[in-house]
Structures are given as structure tokens and as C-alpha cells.
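Take a look at these structures.
Shared between the two complexes below is subunit A, which pairs with subunit B and subunit C, respectively.
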Partner chain A sequence: MSSTKTSPEQHQSNPVLSVASVSVEYATKEGSVKALRHVSFDIQPGEVFGLAGESGSGKSTLARAILRALDDNGSQTSGSIQYKGEDLQNLSPNALRSLRGSDIAFVPQEPAKALNPSIEVGEQIAETIREHQNLSESEVQSQTIEMLRQVNISDPDYCAESYPHELSGGMKQRVAFAIGLSCNPDLLILDEPTTGLDVTTEGKVLQMIDDLIEEFETSILFVTHNLGVLAEKADRVGILYAGEIMEIGATKDVFTNPSNPYTQGLLAAVPDIDRDVEIEAIPGEVPDLSAAPTGCVFADRCEFATEECHEGSIDLETVTPGHETRCRRLETVQSDPIQAELRDARTNYSGSKILEVTNLKKYYGQSSFVDRLFGSESPVKAVDGVSFDIHESETLGIVGESGCGKSTLARTLLQLLEPTAGEIRFRGESIDMIGSRTLPQLAASQSKMADFRKEVQVVFQDPESSLNPSNTVYETLERPLELFTDLTQEERENRIEEIIQQVDLGITYLDRHPHELSGGEKQRVAIARAFAGNPSLVILDEPVSALDVSVQASIINLLRELREEYGTSYLLISHNLGVINEICERVAVMYLGEFVEMGTTEEIFQPPYHPYTRALLTNIPTTEMDTADRRVYLEGDVPSARDPPVGCSFHSRCPQKIGDICECERPELEQAADSDTHTVACHLDEKEMMVPLAEDIEESDR
Partner chain B sequence: MIPDNRLTKPTRTNRFYRLHRVADRLRWFTKNDKILYPSVVISVIMVVSVLGPYISPFDPTATHPTETYLAPNAKYLFGTDHIGRDLLSRVLIGGRSTLLLGVGSTALAMTFGVPIGLLAGIKGGYIDEAIMRVMDVIMSFPTLLLALILLTSLPSNVWTAMLAVGVVFIPKISRVVRSSTLEVKNEEYVEAARVRGESDGYIMFYEVLPNIIPPIAVESTIRVGYAIIIGASLSFLGLGAQPPAPDWGYMIAQSQNHIWQTPWFLIWPALFLGLTIFSFNVLGDGLRDELDPKVTGDQV
Partner chain C sequence: MSNTKQYIVKRFVYLLATMFAVSVVIFGLANALPGNVARTILGSYATEDKVNALEAQLGLNDPLYVQYLDWLHGVLTLNLGNSIKYGQPITELVIPKLLNSLQLAGVTMVIVVTIGIALGVVSAVKHNGRVDSVISTFVYAGVSIPEFVTGLLLILLLGGPVFSVFPASGYVSPFESVVGWGTHMFLPALTLSIVLMTHVVRQTRSEMVEALNSEYADAARLKGLSRQKVIIKHALRNSLLPTITVIALNFGYLMGGLVVVEELFAYPGIGRLVVGAIRNRDLPLIQAAVLVIAFTYTFGNFLADILYTRLNPQIDYS
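So, the complex of A and B:
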């Protein structure tokens, strides 16, 4: 946690950045889009100001407006942005250029794109220093190395000579920070600095930000959609919605006493492993900003809204000093806030097994005989011997960081990739095509495969790519019915109308093309397509990770409803433990192609833990203000699956490594003492997996 | 989510729905000058070529021995050539073989090139390797040279010229189709189709092809322009349309011996040939601007 919490009364006089009533419009073919309307806030010296909002809220526009780097069709139509009392709009291009980088620095969202792939990263830091500071070349070089050390890069000399592609995502983000901080700016703008990083990497980057705040005493504008990150890092937050600040105040006030329906809705929509409550979606969508909205921008989606909310302009009202909200119905909102309901207890399924997977392996680049003869590279072991069952109507979650083999596992199960070894049995029958050599065998396995195709469907991650852009929704939904059922044209039409309403879309959607749908709507159609043929198992590969939190919640709830309606089993793959916790009965934790822990959701989320599970759990940023959970930081990055560590594959990063046994012997999944469904692959004994990690372990690991 | 919507009938049953879409297409067609103007020019040239025999003032092969090398005048609007044939009539009808060759050979190349490219892209692996290496062999010959080799072993007329140019263009079309297929093939809707158990054929023609129409349209439009150049070159060498039938390329070839007597003999066919090729190229450019979002700079 930041140690420089400032009370709002302090430094009231000299803000570093003062944004006053700023509006930004974009000129488009369809007219002007009012991306920001009268946004005002101040950032005091040394303060971390968090700006939260969903996509389309205008948060990146604001960051760009401050840097005076709006796109060509964007312009600031009102208000002023003052940096230390100087209006940025009046600065000459030259003055602006010297200000950027040295006084105001920017860390972009995607460091992979922000770094020049053909220049060594050290040089990229050095050029910023050269530009803004009058230093000799040797001083520039030594400061470059020093900057890399500041952002916790363990071997700065080596790193300085690396090219961006040689660094991992987390390292690239650190380099981007080093560039931003290289001239000791007074204001640092972070645009989604941890989005796209794995939780354990995110944890380390956030910890680094803490250190940097202490070291440099910079003011920070922290732009993100992740409320958990803000709850941990920001001193004050502003909640942005459709170009207006809905609520602003000290982080503690906003998160413990959210006084705007939008803030309350957002908080209720975030799946949180620390709260055992149902997540609740915010209905509707962000309004179209090309028409100037009258009244409250959130009124159409707000459950408190009355007629008066649709009229006039609404001002910020003070809740407590320093905490303001833009709501006319403040009293009702405060006395009867949106609160999530307690979740029903999970049921344990003991129905018949629908899918049995035994020792499944998928290696990429499996070398041919000739390659082996000449000793070429070993294959990438993307999935290396996993076994599990899925029961009727049960949801099994598979969680792990990127590169752990989750998606390969899904694609192998779906027979999109041919397994290297192992067996997949569906309803007791093997669907292995490899063994069939003779024609009758092949025909038999093909008919089995046809059954399998009908029964097992999939929902993918990216709504932008999951629907064929040239087909209407109707055509998309009709195809599985043509393939899998004997319905007549008319029956099909009825079924399509039924399913589209089950995913909460109206039948008018049937004639639309994918480009006429929002991300959430596309994902609903993809789900409808999967369910149209009434499958018994649906594989969900990161179904909500590309969606905003409010939409994400509604999709999770939809999946839950459909499961009750159809009695379908799910295999849910996600990197987000919160999502897993929402919907899964059982969870498997995957690391480098293997399961390291498997059990019911309660067993996974409570000790005894596998050390990797513990690291995943403690690194999730949460909106609860008073959690004192200590983070477990993992050393280094996920090793290459081409050459995984010998012994326990996690030993190279494990904070609880015992010794030689971890490096030599590969632990098997063994039953934990607490229950017969819980298995852990670790050499630690149960007690060691239970104990809260002591301070010294955390310290030494840094 | 929006309950009132469920009450309204779907517009799919509304017969005006499709009309509306047609109108949409037309509006799209006319909004970009780089599409509109070349389309108009090409349409006019096509109509004139087709109607040539009915609107031309003279028989294009009729000679007027007393009226050779005339400059444009009231009787012969475009003048006459070395044996007194009316240049206007010859230019009007000469467009037929030129356009037939350009459009026909491109159509031929697409008929084979599109499925070949789709197959190579979808199948990958050895099949892709085998197909594309064969294509590389064809491509490694200079286009005109390969057409010449094919033509010299076949009877010389406009149909064999069309065949030759078409064959030469197959690898070029199939390369474009293949690379577009590779882009689309890993989209999740294609994977979803595989999970449904769709055949490769279905995936090629229903999932992939409709989504790679834009690059194919652009490529084929530009190809027509190139085909006309090659066709004209072949005619120039005497391997395309056979005399006395009029053809722009052949007319240019003949005119060079009489350039000092009358420049009009060269100017008219060259002008129309150039205009046609230019129009196809601009049209291809315009289509690319409109269809390929990666190229346009003005999107929001």
C-alpha cells in the first residue's frame, strides 16, 4: 500500500495538474462525438490519482488531452488543463516538447508496441535522457543503468543491451516505466499499466510502482478499468462514465461508501474471491455520445432513476468533504445501496462422468525421425500429462497464467489439435482417431466423432473474431441446427427465436450482422450458437476476459442460467480466479502443462495451497479496503515449455522450495488430508502448505 | 434486455429489407469518385464495344482506296488508315476483343486461382507446399514470355490468347487468396465451424470465401488492367486477334509503319487502350480504399 496517503486538506494550494471543466470532441463522419464533458479534478504533489472507467468512458482521451496528443480529429472544446499553474493549451510546440518526457511522462498501455523493436532498450531510455538533460555520454549511460535498476530489473547491464523481443511482457512494462521516469518527472501518466499482464506479473509491477512512489515522489495519474488495482494504489479516485466524472473522492471513501449508482454497480459486478456474493450486472450499454445527453448520462441504466434524472444538467454533490458524486437521488442511493446477494452454496455433483481425460499430452514441433537422428530441438510440451473427469451438469475450471497450456488443452479436447498421447473418453467411449487403421474402424470412429461434435461445443475468448462477419445472427444460429437436428425450416426458426431470447437478445437481433453488435452482444450470440444444438458439454475458453466488468458479470450470470436450463457441463478456462470462483464447482490449477492442484472450489481457495495457487490468489487486486493479505511474489518468468525445469516444474520460482528434492523429483498429484477430492502436486507437507507465509519469506523473495 | 424488441416482427420477413440493402450498396458505389468515374468510363466502353456493329458508321473492314490517311473530318470522325478504313468504326469494335480478353482471362484465372488458393490456405502442410511450388514455377517465367510459349504451340486467336493470359494469372490470384485465407483461417468462427464438424469444403466456401471477397475484388480488378496490357502486347506481336478483325493492340502495331502519314492511326487506339487500363487501375485502387480498412486513413 502507498505510504503517502494525503488527506484532501493538504496541499490544497498548488496542484501539479489541474483539469478544469475539460470537454473533448471527436469529429467523425456521423457528427461530433462528445468524448469528455466538463471533467474537472486536481492532482496534488506526490498524490496518486486513479481514474477508473469502462471502455468508451473517455479515460484514454483524457490522458491524451493532458499530453496534448489527441488524434487529429479530436479537439478540446472547453476548459483548461494547467500544469503547475501553466495552461498547456497556450504552450508553444517547442515548450510542450520539452515538457513532455521531462516533466510529464507517459507509460503506455502496450509496452510491446511502444518500444521500438529494432533499438536496444538501453538506447531507448538513453535517448529520452539525452533529449531532456544536459549530461555527458558516460553520465547518460550510467543513468540508464540506474533507471533499469530502479524498476527492479535484476541484471540491468544485460537488459540494456537487449532488444524488446528478448524481454518478457513484465520486463517490457518495466522498461516503459524506466523511460517514463528517466528524467524524474513531476507527473507520471499511467494508461492501464498492468492490463494484459498475468496476475503474478501484475503484482510485481504494482509493487514496483509502490517503490517508485517512495523513491521519486512523483504525482501519478493512474488510468485503469481495474477497480482492485485502484483500491490498492490510489490516494484519490475519480469514476468516469460516458465522458463525465460520476464520483470523485478519497479512495477509502469511494470504495467503502460508494455514493453513485454507477460506482455501486461496478463494485457489485466485479467478481471478488474475498466476498462470497452473487455478482450483479449493470443492465444496458454506454450511451451513444454523438447526441448531447440531457440529464444524467447513467439514467438509462440506473435502477434508482426517476423522471427528474433525465432532465437538465446534474452537478456534483458533496457527500463528505472531498467526496463528491453526480447524482440527484443521493439519499436513496445511500440509504438503499445496490448490494450483492449472498451466493447459494455450491452443489457437489456426483452424476455420471461425461468426459474422462487420461494422461493427455500435446507436444508442438514433435521432431520427426530424421530430426531426432541429427539431434534437433526438443518439442514444446504445451500439455504434459493431465487427467481429469467432468461430471454431468458440473463446471470444472482450469486456471493458470498465459503460456501454461490452458488453450492448447481446450483445443486438444475439441480435437482441433491431435493429441500426442493420452486418451479422451466421452460418455465412456474413446474418441481417439489415431488408433483406427482399417476402414471399418475409421468409419466407426468417424460416427463417434460426429456424435462428439454434436455434444461438445465451444465459446471462445474474442467476441470480435468468434462470429463470421458475413453471416447474420440468424444464419449463424441456423447452421448448428441444420447439422445436428432434423428440425424443419419452421421448427428451426422457432428454436432460433427461443434461443436468442434465452441469451437476453430480442428477435430483432436475428437480422443483424456482427459489426452491428457490441462485444457483449456478440458473445451472447456465440453462446447461443454453442447452445443451439443442445450440447451436453460446452468448453468456455476465457469467455469473459475481453469484456468490460459490467458486461462480464451479465455473461457469467447468463452462463449460470443456461446451465440450470440445459443441465450442461462446462469446462471453463480462465486466468481470472474471480471468474472461476463465481461459477465453478471444481478447479484445476495448471502450470507449464501440468495440473499442480485440483479440488473443489472451496478447497482450492482455502489452505492447504500449492505454493503456485497461493501466489495466484494473493496477487489478485481486490476492492476490499481492509484485506491484509500478504502478496507472494514469484521470482522470474514462466520458464519455456520447450525446456521445463527438471523435478517439480515450479521449483525455479517457488518461494517455498525445500531443497534438492524439488529439483530432482517430480511430485505427483497426491490426495490432501482435508478431503478425498483435493489433490496437490507438491513435496511440502500439509502443514507447510497451511501456514501463512512469514514476513521473511516475502522479504527474501523480493 | 430490450423487451419491446421481442414484440416487433423480424425484418427478415419484410420484403423491403433486401431492397433497402441493394440501395445501400448503390449508395456505397457512388460515394467514392475513384469507384464512380472509372466505373462509368468502363461501362461506356463496354456498351459501345458490344453495340459497335450497330452504331459504327462504316463496316470496320471495308476499305476506301481513295480516302487513305485522312485526318478527322466530317465524314470520318476519327480519320482513316492506310487502306482507307474508318478509324472510328475500327476503334469502336476493336474494344471487343480487348475487353473480352481482359475480363475473360481474369475470370478464368479466378475460376481456378480462388479454389486453389483456398485449398492451399486451409489445408496447409504438404498440400500447401506442393500447390504453391507448382505456382512458383509458373510465376518464375516472365508473364509475356509464358503467354508467348503457350500461344506459339496453339492456333493464334483471341480465345487462345485469353487462355494463355488466364493460365499465367492463376498463380497470382491464388497467392492473394491463399494469404487472405491464412489471415482468416485462425479466426475463432472458423475454429467454431471445425468444432461443429464442418468439412473443409464448407469452411472454404462458406466461412472463409465470403470474408476475403474484398482483396479478391481488388486484385481481380487490377488484373483485368494487366490482362489488357498483355493482350494488347500479344496482338501487337500478331498473336492475338487476327486481321482484318479490328483490335487496339493490332492497330497500334500496324500504325507504326504509317506514323508519318497520319498520327491518328496510332492516337485513337492508344488513347482508348490507355483509358481502359487506367480506369481499371483506378477502380482497383478505389475498391481497395473502400473495402480494406487497413489502407484508409480517415476512419475514426
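So, the complex of A and C:
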């Protein structure tokens, strides 16, 4: 993969893009927001320049400033952006139009939204070609098909006639790349091109980017928050924070010798399956940019900051040739860098079982009368017979890609959805509304349900939509106390003040409404609400995936502290194995409604592996600068849960498939050789599952 | 059978079910009305014997469900008997009037759709500008004033007293004179359009504003496409879907509006027929006319659903 990584010194002469001292401001009701301040960098021909930053860093603003497509209230207030020596600000609207899509192309973040839902994707590629190249219609069409082939779409003719909703997420992203590359641009701007994709899909898209770089020799501006992706793909990186470049240099230099406290903090905050460390959060928040900050923008959150950091303007300093950092305390920062600390060994919980789930099933798709009249389709088997238990104070992680049924599982456990079959026992008692036929039975199960609701709480992925926007934080936290406890008004008040401080928010937050909180603060409130009534089990459904890396780390640490304080058990649902690795004692890997592997976290992260677990593990981009591509690529997309493959549900994509037995016989979870707590559902023998990650197993079809 | 076909068949089954329910309601309501049909026909001086005899002849002494089934049979065979007031077969009365009304409705819909969508698009492109506020103001005024006031104002302005440009009443068949047809159609159609336009303009505007701010419109601009292409090809197409629903709903409102407007412009349509029938307690005629109006409305919505499937590839018909 790194064959394309050339040293930047090779072509210093004529940069494709030259960004010099660019500032951008947005006019808002509260005054002007200085989103970018004097940002400078060059991109050389054929170079991949990575721009990393968290939300609010201004990275998207920069991408849009280059395309001269800032929102109406934004304007470039200083500096120049030159494309091949020509200042983009001087271009006429027509010249700009012919440049866009043709010389400078853009691949948007969410292809699901950026592709027009009611136009066939072929036409969406063709219209770009038609606009910029003087070709006959048949040439346009054949070039469209050729582009789809270039981005590894196996049936380009069929794909061209599809509408976006008929394609999977990965296919849509490929189409977006085909549009971007259709006129062979000299500069391609990628805005978070793999964010929102599943890890195995992300792996394939990243691999495709490699191929395209070689094929098209395009320069790339790669904008992302994902440092692991940049570590793999970029030749040089710039770390953007609050509108300023904090550190810039060759990827290898920046990642192996991070010389800015912010970069160091970011790297220490990324959960990584290769390091057994406790991630560390960056304290504080991105500063308000309506006032131009004096001194270092990061000083307020920096543990190295002294008074001089708050004064004057700070210039980039050279660390090594080509590697610069914006820091006055470079020596201290380098001699005593921020690093994540080694994690304590995981506890093995074997106390009483708090939750026992046996053969739980949830099928969707009960058909209506008229549907049955016309013959209905088979139901979607979202959860298809899973069994597990959670011990007191233990955290069980459930990992899987989108569509594997993990969120349905959470909702069914919470009794938000009625299970189709199976049993859920909470502290030994069965939670079962379906079996209640008589009124006294119903009343009994209802009171049991009330207890269950008190004891089992939930934190959802998106605090934006799980907090009632018209309630203050106080009202939000008071509700569970009213419902689940007999506390008096005064006791409730005390409890609310206690819990809000436990989630590291001050009591001043109690009068605020959700819109006055940042994403991380909202999630803290959601966590406080879950913990207010002192539950014994909290279900965490992707609790950090909507948050920035540094905030994510602080939430994970908070969850860890609360668990110690209250002895609560967690069921943590996540697609992010790094997050799972941080906090879980045991892990279950889910695929198409079934568990394919289950064991302690160590057992899951070490061989023997289920082939699917192996694929998940190898596809995670990591910030470690190892160069070997160890990815296991999965063929195709996740099959529909309406019609899952017969036999092993993973056989249609399995790179280690052994033959007929995989297609005919459904493997059961069986004890693996290494431990009696480790189970794997696979027909492979122990030896084949033992192949270490870095070694190539059968090269699969791309 | 493809999913789309299956969907259309399914919709059609729903259409029939709806019509059945509507027929029951109409029949029930008509029978709940006070007054005796036989006495209405014979007049207040008829003897009790004669009334009883006619009741027997009309089947009014049968149980209600038998009466209903008789009536339903009549509906399905297009043999609804005679109007009490006019003595003519009801089918002969209703069908020409219905055709007249459909012409008025059709012309109205054409005006509403073309001008409404155009104004909506212009508002959205210039959104929050001066043109937008002017359009909004007029459009709101249109919906705030009831049809009979708008109609009267139009008659006063264009139908005589001020400018005598258009005839204020009556109907001319297009086979006699196309110009006459158009001029007679103009004022009632305009009156109805002004009221109905609002929803279409507002809906198109808000959908267009959203579409123009969408990421796909943004992506289209960043491909280097021209402004017109972004507006027409990328934004408008997606904005039309909800507008079609609004238009279909408007169609129901239109059928109601016809009653007022036809009365006002002395337009010989089904609305006017219903008003006359109610005035005369012409029960069989009321039933038939209301059923026809209900059917037209339901069928209009059925057509809208089908059109929707043509335009929106995303609907999952299964």
C-alpha cells in the first residue's frame, strides 16, 4: 500500500494547490466566527495530504473554501488559495464552474445524502462528464461504465441503471468516487470518505483509494477525523485545531514523533486494539471562536501551558526539516510527551448472574391481511437465537457491523420490542409479558416490569434525539427519580446535584436546555439520567460513536468511573472494536442476528479467531506506523436478513470457507481449544483459526 | 407479478373497499334524513292509502339491507331509477353534469399545477427576497378569502360592472365554440385556483428550499453543473413528490369547492345538481350524486398514488 508514499522533497517545485495564510470568517447573529486563521500548506503533484481535526476544527470549511463553496455567511478574509499558480478568488463564475468537477473534484462525506435519490447513478456520473468533456453521448455512456469499473464495481451496467437507494453504503461511496474521478481531476478533495462505513467496507474503500492513486496520479486532500486512516494513507498530514494548523509534516514524523500537545493528546485518546493502554481524554473543549484568541488556541486545555502561552501570536517552529509544530514549549513537550498509560489487568467477574438470555429471537415483518392475500415475504430475522448472560459488575460488549441486529437486540432486551421467542431472566426472574393470559398474571408481570425498568437503564447513541429538547437538565434527571424512587422533593434535589457532579458537569448545568449543551455534555446528561435511579444494568447502545475522539475518551473514562462507583453491569453495543477493547471484560461478535464468537476480551482479540472476527480486527485503521497490509477483505455485502444464507450465515463472504459443509450445516457455538469461556461457531479446525493476523490467509477476490 | 404491479392491484383493492364503505355511509345517511319519500313524491294532499301503496311499490317497507342491496345493484348496473323531482333517469341527469364539472376541475388543476409549481420554484430560488414575500402575501390572501368572496370580486371586476371581459355565468360546450367554452370557464376556474394554489405554492417552496440546500444539490454544484441544471434536474424532481400528495388532497377540496363556485357562476355541474337535489329532497338523486363525487375523489387519490410510484423510485412496494 505504501508504494505511493513518496517523500515530499521529491517535487518541491510546482504545487498543485497552495494555501497561503487563509482566514475564513462566518457572520452570525452573535458576531463573526473566525473559523480559520492563517492556514498555510501546499500539496505537491501526486501527493496525498491529510488534514485531521475534530469537529469545529475548520477542516470542512477549508475544503469548501478551496472549492469556493463556502456557505452564504462565510467569507475568506485573508490569504490566497492558488490552484496551479492561479488564485481561485479571481476566477469568474464560469471559469470556476468549469474548474469544479473537472480539475478540482470533490468526494462528499455521506454519499447516501450526496447522491440524488431520484436520478440513476449512471446519469449522475454521466452528467459530470457531459459538462466538462466534449464527447458524444455514446462516449459519455461508455466512459461512465468505465468509471464504475475503475472503482471496482463488479456489474457496472447494472449499477449504472440503479438508483442510490438500491446500492449498499460501500457501493454508494464507490459511485461518489467515480463521479469525482470521472474527469481525471488534478486535485481530489475527500471529505471524510470512509466515515459512516462499516469497518470491513472502509477497508475495501481504502484499498480502492490506493489503486486509484496509482492509476490516476491525482493529488489528494484527505480530510478526516480518523487518525488511523491518515496514518495509512497520507504522505503528509496537517493537524488542525480551532482553525489553526497545530502541527504539519510527513506522516511518519508526525505519528512517530508527535511534537504538539494537541497531537499527542489526540493520539492518546484513540482507542486502539494494538495497545493495551487506558485511553486518555483531552480536558476542556474547543474554544469559542467569535473572539480571536490571543496566544496558543490550545493553551486552555494544555497541561504544558504556562503564562507565556497565552500571549502574542505563536509561529510554527521547525522540529526536523519538513516537520513543524505550533508550540512554545516544544522541548518539554518532546521530552515528556503525553502518552496513554498501561491498563490494569481485566477483572474476571464470576459473581451472580444479573441477566440471562436464552435463545432470544426477534423477527420483523408481520404481514397485514391484504399482504397475506398477495403472498407475503419471509420475516426479517433481526435477532435469531442468541444466548448470553451478564454477571454482576461486568461489562459485556456486543460488536458487529450495521445491520447485524445489535441494536434490535438492545431494544428487545429493554422490552421496547416484543421478543418473537426466547427467554430473558433478570436476577433469576423471567421477564415475560407474552405469557400473561389472565389479569392477575398480567398485573404481576406489570409490577415485575416496573422493577425491571428501574433496574435496567439505557444510553442511546444520539443524545441529540434522546433528550427532550423542551426539558431542562434538572427536569430530565428528575423524571427517573419520580418514576422509580420514593424520594422526597428535597432528596431528589440532592440526588440530582450529586449525579450531575459525578458526570463532571457543574450544578450550573441544571437549568440549561439540551440546545445549550455540546454533544459530549448531552451524552453526559443522558448517562446521568440512566444512573440517577441507581440501576444495576445499563445498556449502552453505541454511546460514543457520535462523538469526537477526545470527547469519546472522556466519556469512556466516565463510564469506567461510574462502574467502579456503583458496581453497575454494562451491556456495551458498538461497531468499534477499539472502544470494546477499552472497557469490556467479555465480548460477543454478532453477524446477521447470530453470535459467531464469544469469550473474554483477550480471547476475542487473540487467536483462535472466527474468520469474521479476523476480518473485523484486521480492517481497523491504526495509528501505529507499521507498513504491512494485514487486511482480510470480505467479498460483497452483508446479505439480507430476510433471506440469510443457508448453513453458516457467513459462508457467502468467508475468505476461509472450506467447502460444502459451510453451505449446508449451520455451525453451533462450540468451545474453543484455548479456554472453556471461549466459544466459536465455525467449521474450521483449530489450526486454521490460529493463523496470526499479520500472516496472509488465502487472498480473497476484491 | 412485479412489485409495482402488485402495489397497484393492492391500491385498487383498497379503492374498492373504500367505495363500499362510502356507499354504506351515504345510504345510511340518506335514510336517516327526516321525511317520507313517498309523501314527498305524492305531495302533502295525498291520502294515506296512496302513500302506503307507493311505499310498497318503491320497496320502502323492505328491511334496510334489502333496500341497500337493491340500491347497490342499481349502482353497479348504472340503473338508479328516476329522479323524484325531474322524473328523468338519474344516470341521464348525473353524467352530463359530471362531465361539465370534470372540465372545470381539469382546467382548475392545470392552472393550479403549472402556475402553483412555477411560483413555488421562483419563491424558493429567491427565498427570503422581495419576490418571495410578494408571492407569499398574494398566496396567503388567496387562501384567507372564501371562494364566494373571491368569485364575487372577480365577477365585479371582470364579469360586468367594471370590465366586461368574461361572461359571469353559464356554460358553452367546446363543440359549439372553443372560445365560448374558454371564456365561460375562466372566472370559475380562476376562483377555484386562487384558493387551491396556496398549498401547492407553499409546499413546492418549502420542498425546493430544502432540496436546494441538500447535499445532493451541493454535490451537483461542485460537479460544475449550471444553476439551471441544479434547480430543474436535481432539486425540482425531488420536490415534486410531496407536492403531488398535496395536489391529490386538493382534489378533494376542489370537489367541495365546486358546489359553491358552480352555484355562484350558475355553472351546470354536479355541485349545482346536488344543491338542487337537496333543496327538493330528491333522495335517489342526492345519493347518486354524492356517490359520484366520492368516487371521483377516491379515484383521484388512486391516480396520485400511481403517479407517485412512477416518480419516486424509493418506495418499497412490498
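The rule is short, and it goes like this: the second predicted complex is superposed on the first by the 681 of 702 C-alpha atoms of A that agree within 3 Å, B and C clash if a C-alpha of one lies under 4 Å from a C-alpha of the other, contacts with A are read in each partner's own complex, and residues count from 1 in each chain.
What we mean here is this: a residue touches a chain if its C-beta (ideal position, glycine included) is under 8 Å from a C-beta of that chain, and two chains touch if they have at least 3 such contacts.
A quick note: this is a predicted structure, and the numbers were derived from the prediction, not measured.
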item	value
Superposition on subunit A - do subunit B and subunit C clash or fit	fit
Touched partner set for A:165, first subunit B, second subunit C, both or neither	second
Subunit B versus subunit C as contact partner of A:317, first or second or both or neither	neither
Subunit B versus subunit C as contact partner of A:127, first or second or both or neither	second
Touched partner set for A:69, first subunit B, second subunit C, both or neither	second
Subunit B versus subunit C as contact partner of A:106, first or second or both or neither	second
Subunit B versus subunit C as contact partner of A:98, first or second or both or neither	second
Partner chain(s) touched by A:624 [first = subunit B, second = subunit C, both, neither]	neither
Vertex subunit A angle, Cα centres of subunit C and subunit B, expressed to the nearest 10 degrees	30
Touching partner for A:117 - first (subunit B), second (subunit C), both, neither	second
More subunit A residues in contact [subunit B versus subunit C]	B
Smallest separation of CA atoms, subunit C relative to subunit B, angstrom	5
Set intersection of subunit A contacts, subunit C complex versus subunit B complex	none
Interface residues, subunit B side, partner subunit A - complex	1-6, 8, 10-12, 17, 187-189, 191-192, 194-198, 207, 210-211, 300
Sites on subunit A touched by subunit C in the complex	67, 69, 97-102, 105-106, 108, 110, 113-119, 127-128, 131-132, 163, 165-166, 179, 370, 373-374, 377
Interface residues, subunit C side, partner subunit A - complex	6, 9-10, 13-14, 214-216, 218-226, 229, 233-234, 237-238, 241, 311-314, 318
Subunit A residues touching subunit B - in the complex, by the definition given at the top	26, 28-29, 33, 73, 283-284, 411, 414, 416, 449-450, 453-454, 456-458, 460-462, 465-472, 474, 479-480, 483-484, 501, 504-511, 526, 529-530
